[in-house]
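Both complexes shown next keep chain A, but they swap its partner, so chain B is in the first and chain C is in the second.
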Partner chain A sequence: MSADLITGILEALSLWPLAAALGGLVMGVIVGAIPGLTASITVAILLPFTFFMPPTVGIGFLLGIYKGAVYGGSIPAILLNTPGTPAAAATSLDGYALTRKGQARRALQLSLYASVFGDLFATMVLIGVAAPLAAVALKFSAPEYAVLFLASLVLIATVSGKDLTKGILSAGAGALIGCIGLDAMTSTQRFIFDVPELLGGVPLVPLIIGMFALSEVLIQVARPPALDLSAAGVQTTGPSLSRSDFMKQIKNLFRSTSIGTFIGALPGLGAEIACWVAYGISRQRSKTPDEFGSGSLEGVAAAESGANATVPATLIPMLIFGIPGDVVTAVLIGAFIAQGITPGPLLFSAHGSVIYALFALLVLTNVALIFVGKVAIRSFSLVIRIPNALLMSCILVVSLAAAYSINSDPYDVVVMVMGGIAGILMRGASIPIPPFIIAVLLAPQLELTVRQSLALSDGDPSIFLTRPISGSLLVLFVAFFTYIIWKFLSAPKASRVVSND
Partner chain B sequence: MAVQSHLSGVSSMMQSDAVPKKIPTYKQIDLAVALVFAVIGCAAMVETLQTSADGASPLDPRYATFFPLLVSLIIVLASIVLALRALRSTTSAGVADAGKARYGRTGLATAVMAVYGAAIFYAGFWPASSVAIVVMALLLTGKPLSRSEKGWLAIVALLLPGLIIIVFNVFLAVRMPTGGGY
Partner chain C sequence: MKTILKSARVLCTATFLAGMACAGPAMAESFPNQPVRLVIPYPPGGALSITGAIITAAAEPHLGQPMISLIRAGGGGAVGATFVANSKPDGYTLLLGDPSINVIRPVVEKLPYKASDFVPIARITHSPFVFVASRDAPFSTVKEMVDYAKKNPGKLAYSSDNVNGWTYTAFELFKKQAGVKMRGVEFGGGGPAVTNVLGGNTMAYAGVPSVVKDHLTSGALKAICISDKERYKPLPDIPTCAEEGVDVQWGAWIGILAPKDTPADRLEKLGQTFAALAKDEGFRTLIGRINADLAYLDAKAFEASLKADSDSLRR
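Now for the complex of A and B:
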């Protein structure tokens, strides 16, 4: 382990991995600061470019984008009341109020420091728990994995959207898409419809590019941004954040970061939910809850640290169990597999030096975010001058090229276009897309592990209960599922009838 | 005079989007979603049962038919719940900003995207991409472009596809389509 650790740190400190991670960080901050562009879109369309790079360079680049984009969204949220990414939505409440009070600089500085704090704390948790958890996960076999995949899938379907029924429909449709192709155990053909290309299943990356990038372009055609950002006045002036201002937030930062880390480690939730939960709990615990919404530094610190803490935390289930924490980590799994590295408990023994190099890059980019963030705040007025129409047209072309380049196959382009059409229809009908994507990835693994377990037990389903780890996980899962159903049934009827109201 | 005044009033109303558009309500959308998913679920069930081979019970979880059947059943049940919920809803509210949305233009953009996806194989990646960038940018702005915007658009439309080809060819050894079919 120590040899892997030292090799990994030395690898992270070499020129190309460091340059790629920093380049990704800068790109991520820029992308996050442009409303409409998110980490998932950028990571998906740039994934094929990383195939020719060594693992630490390619994956380090994508991790830099992910990290930068979640922070970058806070800059327009504070300055223009327009969150760059959904993860910055809670930041805009108090951030923009502070800007209107002439305290934009304080809000921007606190948001940057809170992001770095949250990210660093969660990175330390990741480094601390990943190897021990992987050692525990080595004891898992098919029944344990089956219960874990089932629990993740149910969690993603029920919690990640606003509407339980639509979440289940989305995950169900994703699971069906995941069934397309040859069955992994008996090679039975499923949903092939005499189309030979479908034998290999539906490729995930072109599907994600279509559902996120293309549908975003189409959405912007229907609903152009309400605010012309290039004409918006940007003022980053005002008093600076004092040391005492920051120190007053320490307790709040620890609490919000812990919330973000916990939520990030659960599959399917991510920064969009963590920022609101951290904000809400911070308000409940605050001595001055009335200030929330009208320019509270506590609100900015809670939302930003909570959202950014999810970034390293989503890597915990992905690296240890191969379960994506959100859409970005679903794409990252593709990046790992393309590099010949399969996420799972054997990761540390088989590719320890690569994983430690990536951990070191996460810490280094965290330190770098302080400087990159400061430059980004000063240069924000330049970023928003990029004409939106031109940017979106370029995304269309790059998306198509990226989808084609994966296998040099027109079938991938067809999947991408179909994904774009499905994405816009799903968004129009308020059906959450993340459960769909994650189910495409997880459902085949769930099916495989369930069938392997039943093969082990000669068809006896009690195997899931009689083994201590899978039994405990199953009890926990049933308790959680019962709670979700109880909450749904006990909710006021009006909120269940049409949730979109 | 009165007619002219009336017509100009109608014209200005249309220009300002003041004429209410017929927009779908949440109830209608949820019903449509439920119908689509119910059809998908039923079709998947039928297809799965047809592929069930070797006399194996499709309900035995050890076989390849069980999981798709279970998922299809969940989809159908969830569709029924959604449909019932929508039918019991008394709201007639429409989609919040549907009045401002330009759905016709989105349909056109979707068609452009699909045609572009096919055109790169027939016309080649570079020309098809250049045209797609221009058309999509015009659809996205929806207003006359300024001189500098036209200049940037022309530069990007001409150079970006070439840059992509170079990057992909050099680093990924991917040869982008040059035309003439698949």
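Now for the complex of A and C:
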């Protein structure tokens, strides 16, 4: 084992693997920062090229892209309210609010440090505890997932902003939209209305681009903001992040990173969900929950560290069992297999040095991300200097192009535009958008896992309690939920706005 | 100055018009003269998409043009299939299909396309199914599994993929032949299905060898039987299901199909490309690495095999 470890580390420190990993990282940050391009598409397109490269080079490259992209999405999320990838959607809530307050630099820097922190922590977990963690993850089946999804949906209440009823309304609408497509278990067509494109459901990426970016453009057209950040004399990106700013977030970072690592290690769940769960929980635990949504550094730190922690974590089930956690890891498995390396139980004994080399590359790219990120921030921040009117026009064009670029399919552009219209309507009526997005993601999954659980138990609903893990999760959830309700009900009548905490 | 601008404009217009004129007769020139798209109807990462990636990577020298994979996932393959069925039959858009999309589902479900919307070009791989049991399942052979199912009707839960998918059909055939009732839990794909049988949440599963091989070697799963006429050479210790008394012969293939009105000469050229690909050393190595079983059939043989499959299903 240690012979493999040494060989592996030495292999990682040679020219091509390092260059490939760093090149991938830079490319990933750029790809992530461009709305419409995501890690999954890029990795899928570049996969065939890796067939003919040595594994440490080819796979190191893909891993670099994966890491870079999840971080990169936060840059336009903060600067332009346009998440570059779905994983950055939660970051745009507070990130963009901070930009509007003239504090973009602090948000960007915190997002970078939070991402690196989350990534590094999870990489350590991957290297140290992968096998036992994977064994636990295997025990998770439909009932456990169902309870987790239910708990996450309840978190919607915490990101509903001021009005709980509107949050539920938003989530309900999201659930309906999420149902469009083919039912996963019986292939029944739902809400298709004979439109073949709808068979695949409403795609998430163009929807997010529309609801965040396009709606922002259209709203600014209607009501130009008072503070035009490009106006001369205004401190454009604001003060730097101070040391104490960062240290205040430590507890939050540890918590959010653990959440992200846990969620990433469960097959099937990835950064798009982790960012919301981390955000929601940190809002629950925060001393200043009302700041969330209007420029809370805590929110940015939670969302980013949670999302980035999933990157190394999704590698855990992939390497230990050959089970993909999301689209990117599924493509990575393909890359491994085409090299003759089969992820799974025999991996470490058969190909130890390659795996250790990749671990070493993961740690190195982590450190490199700090520098790459700083350069990226400096370059992308120039965007703020562009006069608002011009900037918004650019975003409009980029949104349209981005939506089309996903699949060269006009259907995605239509979804994007409709998302934009829905976004304006919702914002006009003060209906919060995050619950909608969370519900689109989670409601179909919740339904699916509940039905799978009942299929597993032959129709017996007690399976949720009799299985030890789901039983304990359920008990925890009920306790937590009761606590929320109790706090709400015991708040003094005068200040009892319909919100939580 | 004005004259320069004017002549520049004339030049641009002339070039533009010339370009447009060229675009017209493009079809009449030799095929292919632009990249060919291979539509992959499943999300990236599955067996189909990896095989597709290998095909597109290796095809260029034989085709003369790059082959690009276009992912159109959704609806369990229906979105991609419909896309190809509705696309121009000029030979530039092809479908990477499998039995679920091209044989079973058009018969049993109401989909926006029909099986006859496609014409087969070549079959690339064909793998039998290995029926496996989880490590702690109370059976290790076909006989034990059938006995257990008979004594505990409805208690045996197995991992399935999608309704009318590969694993689903394998088990339906098994259940019919053996005369037993077993409960399938649809997990949406091979990945989650395997995860659940590995974790002991379900007792059985049926998958292609590339998916289950490593778990059989490590002992995490037990092999029950293989759904083929003869024993599978890389795994010779696994009996065929027929040997064990339950005659299930069913395999998953991956093949290339084109929209139905594609001109015959283009089909011919594409057929030659894939025939050459099947002999290509580099391609064969890559296919071997992913443990897929190269089983090339040309258009006629492929068509015959499809017809046989669909006839046997109707029975």
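Note that in this section the second predicted complex is superposed on the first by the 274 of 501 C-alpha atoms of A that agree within 3 Å, B and C clash if a C-alpha of one lies under 4 Å from a C-alpha of the other, contacts with A are read in each partner's own complex, and residues count from 1 in each chain.
Please note the rule applied: contacts are C-beta pairs under 8 Å (C-beta built on N, C-alpha and C of every residue); 3 or more make two chains touch, one makes a residue touch a chain.
Nothing here was measured: the structure is a model prediction, and the numbers come from that model.
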| item | value |
| --- | --- |
| Superposed model, chain A: greater residue contact from chain B or chain C | B |
| Touching partner for A:S405 - first (chain B), second (chain C), both, neither | first |
| Touched partner set for A:V217, first chain B, second chain C, both or neither | first |
| First (chain B), second (chain C), both or neither touched by A:A3 | neither |
| Which of chain B and chain C A:T186 touches, first, second, both or neither | both |
| Touching partner for A:L456 - first (chain B), second (chain C), both, neither | second |
| First, second, both or neither for A:L169, with chain B first and chain C second | first |
| Contacts of A:V375 with chain B and chain C, given as first, second, both or neither | neither |
| Partner chain(s) touched by A:P48 [first = chain B, second = chain C, both, neither] | both |
| Which superposed partner A:L199 touches (first chain B, second chain C, both, neither) | second |
| Shared chain A surface residues [contacts with chain B and with chain C] | 48-49, 51, 185-186, 189, 408, 455 |
| Of chain A, residues touching chain C in the complex | 40, 43-44, 47-49, 51, 138-142, 181-182, 184-187, 189, 194, 196-197, 199-201, 267-268, 317, 321-324, 327, 329-331, 333-334, 337-340, 342, 344-346, 407-409, 448, 452, 455-456, 458 |
| Residue ranges of chain B in contact with chain A within the complex | 26-27, 29-30, 32-33, 37, 40-41, 44, 47-48, 51, 53, 60-65, 67-68, 71-72, 74-75, 78-79, 81-82, 85-86, 88-91, 93, 97, 100-103, 105-106, 108-110, 113-114, 116-117, 120-121, 125, 129, 132-134, 136-142, 149, 152-153, 156-157, 160-161, 164, 167-168, 171-172, 174-177, 182 |
| Chain A contact footprint on chain C (complex, rising order) | 43-46, 49-50, 53-54, 56-57, 70-76, 78-79, 82-83, 86, 105, 109-110, 112, 154-155, 157, 162-164, 183-188, 191-192, 194-196, 198-199, 201-202, 210, 214-215, 217-218, 220, 286, 289-291 |
| Residues of chain A that touch chain B when the two form their complex | 48-49, 51-52, 165-166, 168-169, 172-173, 175-176, 179, 183, 185-186, 188-191, 214, 217-224, 387-390, 392-394, 396-398, 400-401, 404-405, 408, 410, 413-414, 416-417, 420-421, 424, 428-431, 443, 446-447, 450-451, 454-455, 459, 461, 496-498, 500-501 |
